């Protein structure tokens, strides 16, 4: 690009190295992407980093394949006589791996072996169902990252969001629609309070948000366990730690008829993605958030209250995670149980990281992980492949996508113009 | 020891910072390396010190070529370097800092701190430094930190000592002391490479001068050359070292600070009962060595530090307990001293940096919503007006050179109606050409009737801009003097001598500095 | 031209310059004192009841007699003393002074004593030795983990992967010990597992400059995935070979182990715990008094400065991170061979994250981290003690105790902490 | 090694019902929970072995997995799908209503409506256990065997399938105290009246179980019943370290399933495996019935395991008394009640 510009300096610089006290060597968290604006997702796609993403997924699946094969008794048997008849080994490996991954695909996208058309197309909607809370909570985490806060507290915020939404969902009696909105709002407020605690403590006392959110996760876990033992809370008349079902008036309405489970929660996820995009890129508040995230000193000098931003970001992140919890209990699960949040809060961190903390990126990452989740069920049920494989594949993908030079090196891809290899 | 650099070329990506540079430093010579910001001086020295590997060229010591794979090799070869940005670990003690990398041990890898302290004391004593080996670096004033750097280099028996812009943070008197030390070293046979862009200093001490511009040697000179000759060589065109300005026409006094006191974390006084006022259409320059409370003064005015006592009155309103935002809205324009940490956000685009403290005001925002089109249009306008060199307003500001970044800050702060301008070190890290421009803009702002408070550690700048000069020392105001006050008097005041006494001492001739003597050399 | 203020300012009169009185601590002390006096004492309804503090577990060499106190009287007495201390703190606060470190410690111990007296009044017996021993045991993996995190961050590499290293250590220790039928073999294997995780960390962090937080988080997931997978395939298929429990024996240290209370708590332990004492001491000494420590701290604070004196920053970082991973991995062995357990899925149960918190709470110092970890372990085991004693407090609320205590500790007493300046930032000379 | 000869299908076990598929879905505990998931899975494995049927299994990691996992079983055309644990009730219930042609089973829970009133489905069979009956015997036995006069129990999480053990145990201890007036045996860790007691907080953290058990031991308990899946292993390890402490195991005979046989006094057994296998077998034979299966002392669905190593130590009269109580319970003379009884 430098050839095109008429600037007197030959090459645009990196990290503000010319300032008085700046330390050019240690300036940025990441190698300075010289002379390029932070690329948007579309730009990412066009400039070839989609290739990196794709190849990362391929490598992730390959690593998974190795594990699948290595643990498969049939393959292990053939290893015993690998040299006597190697073809057996390869055939067995191929069969085992393709079978597993085809099942994964059938569970995530389209099942051509299903008994009916509805069942064939249902997997795709199941992926969306699984993606919904991941996207919502992931957006919350991403918001924190963009504002320089490491919010590990998604888990607790999801739990509290679910608790509040669920409770309002069966405890109140309200007309259709209104009830749903009130319950959703309850989830949002609950999550916001839980996130806001960490934000307020950080803003007022400087308490490290990593510690506080970790602790709040556990506290939320015990809190829901406690509540689910209280009859006044569960209203279920059962000794089991689970609440009664949320009223139909409060449930998120389905988008498709039975047996599809896709519900309005997914619309919430889409809306939240758009909202977070607008918030970060087009609103004054988001400007403050990003400013604090990139450089709190400069933000303060520009009149932005870092404490206020810290609190607001954590509250908003909590609200989004709370919404994830609400969507879970009002949309798919319909009652509160101790495990209502699963490991959503932690999965959401990976989703946000994979999405590079960008709203659209997080949305797409959520879809991918949702697909893995939905497909994983089928893979496990039909081929007996342990579902933990999915975790391995996912983490390899995130790691590789974060290290494009490694992927390029692995596949001997050319270095794109403008990006110097280090 | 004779040092030769021949044909050194160093590239950063496709940008050539050093372009086949040749340089010879004779034994016992003080060799000045002159060049404007970004000319490639530090890069060259980092190559010499083994920090950067050059793409081409070689380093010869006493005629034999050397290969340095790291600073360790350079040090072993007898090269010592005091870096422009000090290479000291803030939380270490002096003794630890000096020991690092060459630790005296008591066997089994355990530190012998007693020995380390002894080394520090020995060298301190030899050169008359007063450095406590147990002091923590971050508590030391910059002048002392620099002496620690020198001790570090000397403790390794450097035969060639590189001093990269060592005087940037010193008072004239301290600069004098440093020059004394350099002479002492020279007498012991140490060669010195002395980097600066202060012409006066070069003339005072250098035996030989090499001038670099845009990565190339553009000439050599002798100390006898005039300042404008040297400046011309550096910049490549004729420059005006002083800004033409009309005498000020001060209006009413709209800004005043009364009894401002700021207390640091250790209950030490950072600002001690400071009172001053600025009139409309006047520049009050605050002079002083870095770390004597000027930064706190500027920050307290903007509200970045909370004063314990005192009032800050602008247009009849006390702002002392207002938020930063309210003060900005009251019409304070603020140019922070440290551009990269406080002035701009490196990852933000130039466009966004243009509205960093205006993002929520008309016309850049309406309600909660930013107005991208307006932001862009206004930004483009300012780029034009302030002659900011860039390829796209959408690129991150970190892709700009320091001088252009500073122009963005100025464009932002001066681009709206102001009731007060507070600018700290407005030209730090900016090249000679741009300095001219910045100064002009500040004077223009003054002439439009804005009271201006300029904090600067560069006396040249102070003289250039000030209608009155306030001198600070250890958080106290030593006095406010007219811009006709001699450099030496200011120097003494900056070192804590009250105004009257300083005047008397300079009059009696006992404290005239060499640097100002050099200034008075017929040009 | 004369200025508004002429000459140097007269030294300000310092009476009006004093910092505002900080009432936070006196108020907290006061409230706790009142709780003690009223809640545990006057209105507690424990009149006439007694609480026995037992110090021995019955097998001790020296027998320390139980301490029997009157529940009501003790709490009232303690409450009065605490209120007096609160008053003293308030008086000091008006003079802008702070009491020494002993003050909160003594206050805390007294408060705890009163609390235990009250809590034990119904069942009557507080077994002190197991309370402390259990606290130590629950802290062991936290301490190892925190040491691993600390060495990494001190050298500029943020190690979120402690959780993964603990889990990997637990896994490999169990598998190797089981396969070789020798618990000590597991002791060797555990650090290797932790270091392997660290290899990935350094590979991506130093070679490819991937954000260290990303790597850490992802490695944790990866280790969970891999160990779960191997557990449900290999280990469960053949548990006798791969996952038979092996126990590190307790090795009481002669004499020391016979000291009442302290002895059984600290000196009747497995070699792993002794290794932990050693690790903490050695890390503390080395970090602050050795060449390695000086260099480590330098590359974590200001790598470029270290580079300019010839220290190979990235190589040191790699080495340190591997050591750190090894230490965390060793800590993981506690879950399996250290506790005499076979491996179970995700058995590190989030302890790595708590170790991370302990490291921050301890301000990146080994001793501080140990204190933080012990605080956590103690709070947790206090909850256990209370629940086994049959307090009316619901078990879930007791289980929350350590987490709440930690939040109070970080928000109330620690506040802003300063991590090593270069932690998380990749380094390259150019 | 040698390559095997290519051969036809591997011969099935007992029968050949390859066109029949029995499927099972775990709750979040997973197949290795040393508890009901594991037992249920063993039941399925036995069925496969004996009946030569096909099978599929899905492990759940989170509550949100239940629905999809059950659904996947239906997609596969499982003839019978079993869910393990009360948490699966919703998913199995829904699936049963939507697929009236398929059969379902629910281990350890009954089908209920919105308001938790039991309902009966035509194609869904609850498999439940009156565990309290066996735990009652264990409580009595433990009280009789305790030398210190203190016994203890704790749970993993406070859920009915856990607390039902603790209730029965508590009643057994109480019964012993009733019979042997003077020297009351104290029970720590559970208060049946208040339904409150000690829990380790999860089913994973074994060191927590260890710490908790050490607390009990120091309070004088010498017989402890952990009802906490793998966390019980932590308890056993602590008990073993203490030397003179015994464990009452739960679910499957711990003498065989754990490595702590020498300190396991007995086990409160729940014959889930057998019940699961029988249910499948009935279905294979076309005799599926949706009537609940309730494991009791009477039908052997729950029982006290043999004393194994402690055979000689249990006094004859105590054992006789325990057998007598068992008869009384079977006869209905003693009714062991628990709020957690399904």
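Each chain gets a letter, A, B, C and D, in the order it is written, and its residues are counted from 1.
The criterion applied here is as follows: a contact is a pair of C-beta atoms (placed from the backbone, for glycine too) under 8 Å apart; a residue touches a chain by one contact, two chains touch by 3 or more.
The chain list, named the UniProt way, goes like this: A, C = ABC transporter permease; B = ABC transporter ATP-binding protein.
Model, not experiment: these values are computed from the prediction.
*Asks:* More C-beta contacts across C-D or across A-B?
*Replies:* A-B
*Asks:* Between chain C and chain D, what is the gap in Å from one C-alpha centre to the other?
*Replies:* It comes to 37 Å between the two C-alpha centres.
*Asks:* Mind checking the centre-to-centre distance between chain B and chain D? Centres are C-alpha means, answer in whole Å.
*Replies:* So the centroids are 76 Å from each other.
*Asks:* Could you work out how far the Cα centre of chain A sits from that of chain B, in whole Å?
*Replies:* Each chain reduced to its C-alpha mean, chain A and chain B end up 46 Å apart.
*Asks:* I'd like the Å distance between the centres of chain A and chain C, where a centre is the mean of that chain's Cα atoms.
*Replies:* Those two chain centres are 30 Å apart.
*Asks:* Residues of chain A touching 2+ other chains?
*Replies:* 23, 28, 222, 225, 229, 386
*Asks:* Specify, in ascending order, the residues of chain B that touch 2 or more different other chains.
*Replies:* Touching at least two other chains: 12.
*Asks:* Mind pulling the chain C residues that touch 2 or more other chains?
*Replies:* Chain C, residues with two or more chain partners: 232, 302, 304, 307, 394, 396, 399, 429-430.
*Asks:* Applying that definition of touch, give me each pair of chains that meets it.
*Replies:* A-B, A-C, A-D, B-C, C-D
*Asks:* If you look only at chain A, which of its residues touch chain D in the complex?
*Replies:* 77, 80-81, 84-85, 88, 107, 111, 114-115, 119, 126, 130, 133, 222, 225, 229, 236-242, 244-245, 258-259, 261, 328, 332-335, 337-344, 374, 377-378, 380-382, 384, 386-387
*Asks:* In the complex formed with chain C, which residues of chain B make contact?
*Replies:* Those residues of chain B that touch chain C are 12, 49, 51-52, 70-73, 75, 81, 83, 86-92, 96, 99-103, 105, 109-111, 113, 152, 256, 259, 261, 263, 267, 269, 272-277, 308-309, 468, 470, 476-482, 498-500.
*Asks:* Which of the residues in chain C come into contact with chain B in the complex?
*Replies:* Of all residues in chain C, those touching chain B are 1-12, 16-17, 19, 286, 289-295, 297-298, 301-302, 304-312, 421, 429-430.
*Asks:* For the complex, which residues does chain C have touching chain A?
*Replies:* Contacts found on chain C: 200, 204, 207-211, 213-215, 217-219, 221-222, 224-226, 228-230, 232-234, 302-304, 307, 350, 353-354, 356-357, 360-361, 394, 396-397, 399-400, 403-404, 406-407, 410-412, 414-417, 422, 424-430.
*Asks:* Touching residues of chain A toward chain C in the complex: what are they?
*Replies:* 23, 25-26, 28-31, 67, 71, 150, 152, 201, 204-208, 210-212, 214-216, 218-219, 222-223, 225-226, 229, 346, 349-350, 353, 386, 388-392, 394-396, 398-399, 402-403, 405-406, 422
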